[in-house]
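There are two complexes below, and they share chain A, which is joined by chain B in the first and by chain C in the second.
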Partner chain A sequence: MSSNGWLQLAIYLLVLLLSVKPLGLYMAGVFDGSGAVTRWLRPLERGLYKLCRVDGDASMNWKQYALSMLAFNAFGALAVYALQRLQAYLPWNPQQMSAVTPDSSFNTAVSYITNTNWQGYGGESSMSYLTQMLGLGVQNFLSAATGIAVLVALVRGFTLKQAQQIGSFWVDLTRATLYVLLPLSLILALALVGQGVVQSFSAYQTATLVDPITVSEPVTDAAGNALKDAHGNPETRPVQVTTQTIPLGPAASQIAIKQLGTNGGGFFNVNSAHPFENPTPLSNLLEVLAILLIPAALCYSFGRLIGDTRQGWALLAAMLVLWIPLLGLTAWAEGRSNPAYPPALAQAASAQQSGGNMEGKETRFGVADSALWAAATTAASNGSVNSMHDSYTPVGGLIPMWLIQLGEVIFGGVGSGLYGMLVFAIIAVFIAGLMVGRTPEYLGKKLEAFEMKMASLVILIPPFFSLVGTAIAVSAAAGRAGTANPGAHGFSEILYAFSSASNNNGSAFAGLSANTAFYNTLLGIVMWTSRYWLIVPVLAIAGSLAAKKHVPAGAGTLPTHTPLFVVLLASTVLVVGALAFFPALALGPIVEELQFAAH
Partner chain B sequence: MSRILLPSLLSLLVFSVLTGLIYPFMVTGIAALCCEHQAQGSLIRQADRLVGSSLIGQPFDDPKYFWPRPSATTPQPYNGASSAGSNLGPTNPAQLDAVRTQLAALQQADPDNKWPVPIDLVTASASGLDPHISPAAAEYQLMRVARARAIDPQRLRSLVAAHTQSRQWALLGEPRVNVLELNLALDALH
Partner chain C sequence: MDLWFLGLIVVLAVLTWGGIVLCERLLVRP
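Entry: the complex of A and B
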């Protein structure tokens, strides 16, 4: 990779870190209600509560909080399902898209309420403008706001003392949407339109090609069956193509929240690799910055809310210690030449070309911007892509997959990443407590058997579903039929799909034909269970911690803002992820890397 | 129970209107004022005929035009109605075959050209609609186009340079040449 490429990565990190404190401070003010904007807009907020029949002053215990969250998300899933099934009868459907199939609608509905945003469908060929806006767009906001709300509830578990209530789900949800997600999305959407992202309700346009081309088309009989020639090959006839369809739609508004809310479901099939979704290097920088912006800044908000910003910086440091080397490794891997290619190719980077592995990458992004995106979108549970991970070199594809498998806690989803990381911090403190033989405590709260049971559920459920799902799919003919690449790479496609679903990421080794009843159903169930089977234990921890007394730090308390703790926390994440997934990775990308290098 | 179900349903309705209707219409409204051209797809018209978008690549296979990158969309390349990458892995024989086929087509169209072929010119883009090629890929094709059009290579080179975008702010992304715009400019020379 060129030196400019490395410079771009460094600048990205710098801009990201510079925005952590201002945005983190703002969000802390939003969630405890002390911020200036929150105070000015209080009448608007009150008006919304009135419309929704919500008591803005009533606090909930953790079970009421969890039930409200589940009911709200269940209605959301029904709405997204219904919009897809009925879109043919609804307005804003200029391309006259017909109803989406039941299994695909189920998968997509679950995928969007769980903040996974796995795309089994192609946006421009299956979804009406109304479905995109009112179904998918809305859940982009609400699933992200749900994640933030659960995080804020967990933070209250640490700050409240001997309390039965952990706050109101409706208040947290409303504030996250109204003061954080909506204004940031509006700014980003307009910046993106300026760069060339489309925002239009017109029907698709038809352009006349400058240089018409001839392609061969399979010949079919009256019944629609493909005909074969005398040698048994499919019969084809030449067809002249003289026009090109130019797709449009209200894309910019949706892409902004898709990036900011760690959602990741694209307006178009190829997501942010599409020139209408991500037209320039600047739009790319803004979009990739938006992926990590809120998850990184929430670390600072957390420190602020618990009254000790050093604790937030320590969590952010643990994330960066893990992420930066993995980012560098992805960029290095993709800058390599393919040893199997003919010698008549120029594969090295130069002033005139990006070089490296350009299969599945766009010219305007080259290797550096593509690798940066891949590492960011998988570290956060975003799942949008600007290059095709399936065509990455074996190690280049291994790192994004492993970043997902590490549990989406290195930045992770909006809210969900940090509550996941706090659970890992609880585990790390517990392990340290075992080593020195003292009762573990974190942020002034004693950690006991109940918290540890819930924390174990949170870290074990995603690997369980990743691996069991993969095992089922490779054992079933319907699962194996979906792979697009032979050998170890085909296995990687399936492992990536289930890792992505069970960690609510949503990116894919997209060669896998996942829009089938088998994959839509199985992946849908995996996404559903691993989202809510994590949220409910996290809320249980919040409720249990809130009810406890505050324990003042003593001589035996492990300080959790030191470099020592950062290393301990990062190691815990690493060891759990490595132990769970090394055998599976050895069968996929590691074997393939040996084949790749052996050429 | 109605203390939970009713607020759930009403909140979903209220937030759907706010984030699913008011917000996208607001963005559309402001976009129509500030950047109508971009919001409508950066379309290129010639004498009232729509010839394409400067952001969406088009297929070219005539030697007198600069060729774009291979496209994996189906059923035809550069199908704007269905964006797609090849999703072929680096050790997949089918990917190697695709690279060799494209390499052979380029060499056949310009048998005397012994320069190495830039990698982006033989690999399928992520979107299948990549509007750009690298400056190296334009330079590789320059003599072929000059010969087919019988124009001075130096003149052609300066036309290519005029359609080459450097890194944004001299820093971001990669330098690139917009194939459709360059080819339209070529046709305008005559």
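Entry: the complex of A and C
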């Protein structure tokens, strides 16, 4: 990769780190109620509680908090399901989209409420504007706010002493939406409109091509499954194209929150590779910055809320220690020339292209900005893409997949990444206690059997559903039918899909045809369990910790703000991720890399 | 089919509710 490319990565990191403290400070003020904006808008907040008949001063125990969260999200799933099934009879449907199929509606409803935003559908070919806005756009806000609310509840577990209550889910949800997600989304949406991202209620336009083109179209059977030749490769036929349909819609407002809320579901099928979603280098920078903005800043908010910002910086440092090398490795892997290409194909950097492995990448973005996006979106549980990960080199594709499999705690989802990292911190403190005889306590709270049981559930559930789901899919004919490539790459497509669903990321190796009843149902179940079966033990930890008294740090207390702890924490994340997934990765991208090297 | 998938959402919610009850029982110390 060129020095220009490396410089772009460095500038990105610099801008991101400069934004951590101001935004983190602002969000801490929102959640402890001390922020100026919070005070100014308090009447509006009170009005919303009155409208919804919520007692803004009431607090909940962890079980009430969890039940409120569950009821709210289950209702959201039913509402999004109904919107998709009834969209043909509802307004704002200029393309007269018919009802989405039941299995796809189920998958999409669960996908959006869980902040996964896995998309088996193509937005511009299946969703009405009303479904996009009222169903998917609203859940972009609410699922992100749910993640922040659960994090705030866990933080209270550390700060409260001998308390039974951990705050109100409704208040935390409202504040996260009203003071954090809405204002940031409004600013970003306007900036994106300024860059040319579409925001319109007009029907799609049709244009006649000046130069008709011939493209290869996949051949499918009556059921819509791709046919393959005797070698297992997809069958195609040439088709001449003379017109182009130009999709429109209220995209900018949805793209802003899908980036900021680590949602990732594209308004259009090719997500942020589409020129109407991401038209310029500046829009690309803003969108990729928005992916990590809130997860990074929440680390500082966490430090402020517990009264020791060093703890927040330590967590951010652990994330960066893991992420920067993996980002560099992805950029390096994609910057290499691809030995599978014919020798006559120019792969060196020139005035026409950035060089390297450009298959599946936008020439507008090149290798550097594609690799940066891939590493950011998979680290952050975002799932949006500006290039197709299926076309990456084996190592280049392995890193995004592994970033997902590490549990979405390296930045991770909005709120969910940090509460996941805090669970890893609890595990790290416990392991240190076992190794050197330190007292297992973290931030003044003693860690006992219950916290360890719950923390174990949090780190084991995603790998379990990821690996079991992959095993079921590769064992079933319906699962294997979806792969576009035979052999190790086809296995990688399935493993990526289940890793993405079970860690609520939502991105895909684009080669998998997953809009089938089999994948929609199985991935939907995996997304649900991997979201809520983690939130419940996290809230249980919050309740357990809040009920404990504060233990002053003593000679036996492990300091958790030091470089030593940063290394210990990062190592814990790495070891769990490596142990859980190395055998599966060996069957996919690792064997592919060995085949790649044989060229 | 609608009833099947709506029922699946309800079943997943009920199982999660069961998880909450289970965690609460584990939390109760002797």
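Methods note: the second predicted complex is superposed on the first by the 564 of 599 C-alpha atoms of A that agree within 3 Å, B and C clash if a C-alpha of one lies under 4 Å from a C-alpha of the other, contacts with A are read in each partner's own complex, and residues count from 1 in each chain.
By our rule, contacts are C-beta pairs under 8 Å (C-beta built on N, C-alpha and C of every residue); 3 or more make two chains touch, one makes a residue touch a chain.
In this text the structure is predicted, and so the values were computed from the model without any measurement.
In the superposed pair of complexes, A:Arg85 makes contact with chain C only, with no contact to chain B. The wider contact with chain A, measured as residues touched, comes from B rather than the other of chain B and chain C.
By the touch criterion defined above, A:Leu67 reaches both chain B and chain C. By the document's definition of touching, of the two partners only chain B reaches A:Gln353; chain C does not.
Contacts of A:Met454 after superposition on the shared chain: chain C is touched, whereas chain B is not.
Contacts of A:Tyr496 after superposition on the shared chain: neither chain B nor chain C is touched. Contacts of A:Thr529 after superposition on the shared chain: chain C is touched, whereas chain B is not.
By the touch criterion defined above, A:Gly543 lies against chain C but remains apart from chain B after alignment on the C-alpha atoms of chain A. Looking at the shared chain after the overlay, A:Val54 reaches chain B, while chain C stays out of its contact range. Overlaid on A, the two complexes show chain B and chain C touching the same residues of chain A, namely 67, 74. Chain contact summary for the complex, chain B toward chain A: residues 4-12, 14-16, 18-21, 23-24, 26-28, 30-31, 34-35, 38-43, 49-53, 55-62, 65, 69, 75-93, 95-96, 99-100, 103, 107, 115-120, 122-137, 139, 167-169, 171-176, 180, 183-184, 187. Chain contact summary for the complex, chain C toward chain A: residues 1-2, 4-6, 8-10, 12-13, 16-17, 19-20, 23-24, 26-27, 29. By the touch criterion given at the top, residues 63, 66-67, 70, 74, 77-78, 81, 85, 102-103, 105-106, 109-110, 450, 453-454, 521, 524-525, 528-529, 532-533, 536-537, 540, 543-544 of chain A touch chain C in their complex.
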